[in-house]
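Questions regarding the structure given below will be posed in turn.
Chain IDs A, B, C and D follow the sequence of writing; residue 1 opens each chain.
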Amino acid sequence: MQDAQFHCDMEVRDYECDLQGIVNNARYQHYLEHARHLFLRAHGFDFAELTARGIYLIVTRIEIDYKHPLRAGERFRVHLRLERLTRIRFVFHQEIARLDDGQLIVRARVVTAAMNPQGRPVYPEELERLLAPAVSP
Amino acid sequence: MQDAQFHCDMEVRDYECDLQGIVNNARYQHYLEHARHLFLRAHGFDFAELTARGIYLIVTRIEIDYKHPLRAGERFRVHLRLERLTRIRFVFHQEIARLDDGQLIVRARVVTAAMNPQGRPVYPEELERLLAPAVSP
Amino acid sequence: MQDAQFHCDMEVRDYECDLQGIVNNARYQHYLEHARHLFLRAHGFDFAELTARGIYLIVTRIEIDYKHPLRAGERFRVHLRLERLTRIRFVFHQEIARLDDGQLIVRARVVTAAMNPQGRPVYPEELERLLAPAVSP
Amino acid sequence: MQDAQFHCDMEVRDYECDLQGIVNNARYQHYLEHARHLFLRAHGFDFAELTARGIYLIVTRIEIDYKHPLRAGERFRVHLRLERLTRIRFVFHQEIARLDDGQLIVRARVVTAAMNPQGRPVYPEELERLLAPAVSP
């Protein structure tokens, strides 16, 4: 991913593999989520404090293309780029690539919104700050 | 889901909920997968035997729209409809709805293909039989 | 388990199996926990309400003997018996048996206590009521 | 753990936490297993090759004392010491401690054996070599 804003490295743990000896499809969502949370934390997001203020970051849609499976013990990098979609929706473009040889494993598009407990969109300052550079053309 | 071919019922287990008291996004993939496997088994698919013959059913793409979260203890129904996309790709249309009030929770589109260990498409007889009524007219 | 007070039935889901085609060891803790929660709910425990009152049920020790592995698709029964250990500790005796043939899968002993947020023991009325018959010799 | 033979460091991921904001009890088994597998791999164990030779490492009993919960984002160290119990059984003594302040989180005893597919004990050379120093004197 050429224009990634963030990446983190992980390793497949044996218990994450299924009957066929490969990482179960749902696991990749965990890897992708973990990378997003690390990115947001690195940009000053404090989830506990946001929740206390009644702000929830919600995934509204996810699209994942599975290109190649990961196997036990393989190391991989999760890349991430944030883009504003509309005033209230933003999208994380993410890719997982094997570290060894750069083999693309998964490409994903994760649409997210910030909501209050009543399900109405909210505009937390931290998010506006984070998205500002991401929208400039 | 009006034209569902199959459904099964499940219940949210407490350990499936996350920090916010709702089912973690990745869990829905488990629910959706479990329903597909029950459906295929009900149609005579024997995964162990297929694997022994060198046939793998692979998810190549998944799209999930998250409409409403499930909470601990809630019961839900997973609906499923199978459609042929191309000669080698087929898609499971799936919905999860809360049993209590029918609230739509998740809508998904799961693109799948049958592959041999070399990653080439294969056409297992069981699958052709299953897809035959799904494509007409 | 001859003197079980409660049981519930479940089925192994494919995604719960690991590389060796058997249920991963940690999964049995989920099955055991789910059975305990169903038992407690059946006896009027409302976890959300307990938490709101500042009461946490905490597992302080677990012992599990693994007798035989479960495989994909197998149905099983989780048995449970509650016993008071001391004034503040109680133990769940649990067994998992395959439904088909009664094969013992797992035997467990789960020591539990009720605590307040400061980690001090508390004595919720619901628990005293539940344990009363369990201690009578 | 003063006499640990091996340790590895990990970090709690948000999706590993439950309703109460703490790591779910069953997750610690995953952490403990991952550390054992890293240790065995570091000592030349190749699980795929062992399985191909018909050798399975089986956990027969686990005991876990839960001392203190881990929370989202906390880093921890898993310590490990291997001891021979009998000719065919060996035990992993394990501890999880928070990295920040050394707070003991979990203490575990994991009894293991090597079996062939018929459930008979086997004595793989790699294991004898690994256990040799662990039994003397």
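Basically, a residue touches a chain if its C-beta (ideal position, glycine included) is under 8 Å from a C-beta of that chain, and two chains touch if they have at least 3 such contacts.
This structure is a prediction, so every number in the text was calculated from the model and none was measured.
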Task: Steps needed, at minimum, to go from subunit B to subunit C via contacts - done: 1
- [ ] Determine which of the two chain pairs, A-C or A-B, is joined by the larger number of C-beta pairs in contact.
- [x] A-B
Open item on the list: Quick check: how many Å separate the C-alpha centres of subunit A and subunit C?
Closed with: 34
Task: CA centroid of subunit A to CA centroid of subunit D, Å - done: 30
TODO: Can you check how far apart subunit A and subunit B are, centre to centre, with Cα atoms defining each centre and the answer in Å?
DONE: 23
Task: Contacts with two or more other chains, residues of subunit D listed in rising order - done: 14-15, 19, 26, 30, 33, 47, 72
Open item on the list: Touching residues of subunit B toward subunit D in the complex: what are they?
Closed with: 14-15, 17-19, 21, 24, 26, 72
Open item on the list: For the complex, give me every residue of subunit A touching subunit B.
Closed with: 19-20, 25-27, 29-30, 33, 47, 51, 56, 58-66
- [ ] Using the touch rule from the top, collect the residues of subunit C that touch subunit B in their complex.
- [x] 13-15, 30, 33-34, 37, 41, 47, 72-73
